[in-house]
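Letters are used for the chains, namely A, B, C and D, taken in the order the chains are written, and counting of residues starts over at 1 for each.
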Amino acid sequence: MDIAAQLILNAIIAGAIYSLLALGFNLLYSTARFFDLGYGAMSVAGAYVAYTFYNLLDLSVPIAVLAGVLAAGTLGFVVEKLVYRPLRARKATHTVLLIASLGVLIVIQAVISIIFSSQFKILSKDVNLEPVFNVFGGAITQTQVIILVAALLIMVALALTLKYTLFGKAVNAIADDEEVARVVGVNSERVIGVVFFVGSAIGGAAGIATAFDSGIYPTIGLPLLLNGVIAFIVGGVGNVYGAVLGAFALAITENAAAWFLPGEWKFAIAFLVLIIFLIFRPQGILPK
Amino acid sequence: MNTKSKAVVGIVAVLLLIAGWWILGVQGTPEGKGPIKIGASLPLTGEAASYGEMTKPGIDLAVREINDSGGIEGRPIEIVYEDDKCSSEGGSSAFNKLVAVDKVAAVIGPVCSVAASAALPIAQKSGVPTLIIASAPGLTKIGDYIFRVYPSDSLQGKFAAEYVFNTLGKHAVAILYVKNDWGEGLKDTFNRRFTELGGTVTLSEGIVQGRTDVRTELTKIKASSPQLIYIPLQPDSGVAVAKQAKALGINAPLFGGDFFDTKEFTTPSETAGILFTIGKFNNPEEFKARIKSETGADSAILTPLGYDALKVFAYVIGEAGIDPQAMQRELSDLSYTDGESQPLISFDKDGDLEAAQFEVRVVKSGKSEPFEK
Amino acid sequence: MEYLIHIAVLACIYGILGISLNLVMGETGLISVTHAAFYGLGAYAVAFLLVGFGINFFLATLAGMILASGVAFAIGVVFLRLKEVYYVLGTVGSNVILFSVLLNWNSVTRGPLGIGGIPRPEIFGFRFSENEAFLLLVLAAVAITYAISVLITRSSFGRVLNAIREDEDVVSVFGYSVYHYKLVIFTIGAAFAALAGAFLASYLTYISPFSFTVVESIFILSIVVLGGLGSGRGALIAAGILVITPEALRFVGFTPDIAAQMRQVLYGLILILLMLYRPQGLLGRFRI
Amino acid sequence: MKTLLSTRRLVKRFGGVHAVDHVDLSLEGGKITALIGPNGSGKTTLINVVTGMLAIDGGDIVIDSVRLQRIRPSDVASYGITRTFQNLRLIQQMSVLDNILLVLTERNIWGALFEQHTKFHLATAEEILKKVGLWEKRNENAESLSYGQRKLLEIARAVSMEARIYFFDEPFAGLFPEMVRIVSGIIRELRASGAAVVLVEHDMLLVRELADYCYVLDSGKVIAEGTPEHVLKQQNVVEAYLGK
């Protein structure tokens, strides 16, 4: 096994999941303009719905994944309508929205641990027959390849929708300036509702990928969210390609550091990367 | 903020405080005739909640059996469950309530050493006999009212080191442990004993509780080419390690600790073939069936222990009544033989299990069974 | 009765935390998500000095407060220059890093094993071993903290802080060095958080790193939010409510395993409903 | 009278656009200087640059014959400069009195913490608030005042700085005649005290009545300067206002 190749592969797999998290978060932040901590709960909800369909109801993988992603999206849409929209209508400051989203995260995580108990769950049945590919001496399993491909597809799809579709233009308009967008005739309320659906769905996909790759428990929402936020900042606020770049940069730094330093420092290192960027390059790798 | 609504808020706040005071204050328990109250301090929220969920069915079954057969000399047992959240504040709050409000005769738990370290001084000071499951070595030394129905980590680490070195004949081992009191304790004792025997630890890596992406740590371990990897981890990281080690083509055998004996760990097919040490408890099929039928839960490692802990207290109260000193004396020279989890329950001068031995089990077709080398 | 004293002591400790964070967040608008780290530094300083060297509790507390202030000063120097959202993320990062130091610096903090056997405070031969005596001591500490917070808020210094909360640029144009004001109040807040940590360590006689995580910082933040910005009294009452309700819930008839999660659901809902209907909290002088 | 502040080829760019384009002006003590020009001609931007709210992109500002390339907002007061804001930046959730005391009390942290002589400041604050007729409303929050009253409060805040150079950004906009009289009186008093007063104003009658000197700005450049009578007659000034 070639160590260097394996480290890079590890980083790529982790990077794929981080980029999904960062992309979803980026979509929400650039339109709704606040740090939505509830986003972490959407990934967990998506993963647990997929778990129900796949492990409990024994349905096929594609159906379970689809169900999970749609559930996360719907939950995101509902939360936006019930909690964030009234607050934003009242011109609440982003602190108020941040604290409300914290309440959303806590409630959803608690409800999930009531339904599923707080024991660790993993989405996989028969790994023995799962082929392992050898890439330059590094090993990568079939599930991981699927996650990688899915992540790339979602990234490209999101980039294209933002660039060419009407919805994409509306999102960009709101991202630039919500008031101006509204004046120009963009129904910003409805678009932001759809943005929360799409963003949370992507978050759900990231949660499901984590569930397949390494496993989940109800309170994994916060760590997932924080990784997504770091990748989002490092990549460059409000920039789709930046989010992906930031995700891989974070994954590579984390894995390289985990190679030289003992593993328990991993989460601290991720934040060290964040702090270094906050100070020296707050606009991130690819500014908007 | 006009004064009217400020006044309203003030009154509401004061009312709430008084209500809290009233609820907490009134709850005394009549001595003598009423039910015998026994406390159970378990982690019911947070990452460690699964331990609480494992222990509770055992206690529930025992209570039902005892009360159905007329309780102890006609007095039924009432269990007061408290959530110690596996934290020092939670442990302290749970024990303060059990000791001061419910005035329980005895306490089962805590299961987490973090909660136990803060809670046990309270039990000792108020003289409440406590049967803990938490395994950090120093806990029973907090006082003579503290007994333990689960072997201390120091024994398990030593046993594992000897087994790996002598029985499995592996002399170069890597360690991947979880950074909590249980994982740290096992790593230290294993490390010390294994190097004493002449073995070498090629690498020792800790990971924070609940982290499941351990690919880079495993890559590092593989590079140190160990003959075996000692992984005192919790089920979540354990399954992830099993899965990712297979993917990384690590074929060195994996050797875990006692928390791998849970359905959560044994069912995923990736963990087949993994060995782990466990207290020599039996979790007899018949007992598992009773638990399943009575409480609907699947019996795991801590379930028989919860059951036995309550049965031991019932036996001790039957013998010595609920006077704390008498119970303490009875416990210190106890030799209880019809426990489900182990043939003989008796305590040494510190309060640890005397006859604590360990066995090695292997994960096979979704379950675990004793492993014969 | 003993149990009420136990809750009262915890409520006082969280009261000190609430008042100190109110100075930073309520009066000055600096959202700090690293207050639990200073709380931890105070606790570990006292534990280390008392258990290791048998130093008098009050001296050790002073040392803890100085240590926390030093660390806070360093964090403040770095992050208080950044834009608001990045500053908040910087504090989250510092909390994670300080927690990792407490968790991994085994030689000093004994890592996850925590430090036990911490003696109760002793002065002129009298040891506060009984909870009743300890409660009086911690009540005195709350009174001192509250008095100092009133002194600060009533002074011209406090008026400048409130102005900074609303419009930093205007305050600087009229000749105030806003950066230094923020730095001083951030450090004062950290010192009192360490004071609370000192009392926690001595009261529980055992501390572990897991009581000083980001989740704990978020709990302290919600005390200030519930109590209302700019109100020391509000923070005290909110600390009382948020400590007592979970304990009182031990008596409500939920089955044990549900009860615990229900508390989390209730706690999350409080945050959401507060933001929707009463952003100034119970007794706040300012809307967020 | 001495020139208190002057700008030499001052430049402020936003992207490619020159909001302030190589402006040279000088402000003399004891004089009221009016800055006039159509909307968007860079008047407010100029003030924001001189009062440190925006960075200088070119040229420099000379104060007491010291050439400065950079002015931090917190230094502005130390140079004896103060201002009001076109879109009113009072501390809304703070009382009228506190809004004034804010600028009277100690600036350094130690002093602010242990302030003794608040009685002295209260007297000054009372005097100024009485002058603008807001003393009765001193305990109300700034946000509860009418627009005109808030304008007066901002002016009172600037006056209580006892500065050498005052920048008033459209102080008369939205005021009732009675209030206009009060403010004009205050501005005349400031001039008499030797301070340099800069007035951004659109009402030509007021400019003629109050201003000693005028600068006309159009898309960032000074297109004319001189006494009000001289300037307002010039062809290019009229065109600038009425559009080509």
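Everything below uses one rule, namely that a residue touches a chain if its C-beta (ideal position, glycine included) is under 8 Å from a C-beta of that chain, and two chains touch if they have at least 3 such contacts.
Model, not experiment: these values are computed from the prediction.
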Farthest chain relative to chain A (centres taken as mean CA coordinates): D
Closest chain to the centre of mass proxy, which here is the mean CA position: C
Measuring from the mean C-alpha position of chain B to the mean C-alpha position of chain C, what distance in angstrom results? 31
So how far apart, in whole Å, are chain A and chain B when each is placed at the average of its C-alpha atoms? 35
List the centre-to-centre spacing of chain B and chain D in whole Å, with centres computed as mean CA coordinates. 72
Note: chain C residues in touch with at least two other chains are 103-104, 261, 264, 285
Interface hub residues of chain A, defined as touching at least two other chains: 113, 262, 264, 267
List, in ascending order, every residue of chain D touching at least 2 other chains. none
Draw the chains as points, connect those that touch, then say whether the picture is a line, ring, star, complete or other. other
All pairs of touching chains, please: list them by chain label. A-B, A-C, B-C, C-D
Chain C-touching residues of chain B, taken from the complex the two chains share: 1, 6, 9-10, 13, 16-17, 19-21, 23-25, 27, 42, 44-45, 49, 52-53, 56, 81-83, 85-89, 92-93, 96-97, 99-101, 113-114, 117-118, 121, 136, 138, 179-181, 183-185, 206, 208
For a test of understanding, state which residues of chain D touch chain C in their complex under the given definition. 51-53, 72-74, 76-78, 82-83, 85, 89, 91-94, 98, 101-103, 105-107, 109, 111-115, 118, 157, 161
Quick one: in the complex, what on chain C touches chain B? 1-4, 6-7, 10, 103-104, 106, 111-114, 116, 200, 203-208, 210-211, 237, 240-241, 244-245, 247-248, 250-251, 256-257, 259-261, 263-264, 280, 282-285
Chain A residues within the chain B interface of the complex: 1, 3, 6-7, 10, 13-14, 113, 117-120, 122, 124-128, 132, 139-141, 144, 210, 213-217, 219-220, 223, 254-255, 258-259, 262-264, 266-267
The answer for chain C against chain A in the complex is residues 31, 78-79, 82-83, 85-86, 88-90, 92-94, 96-97, 99-101, 103-104, 214-215, 218, 221-222, 225, 258, 261-262, 264-265, 267-272, 274-276, 279, 288
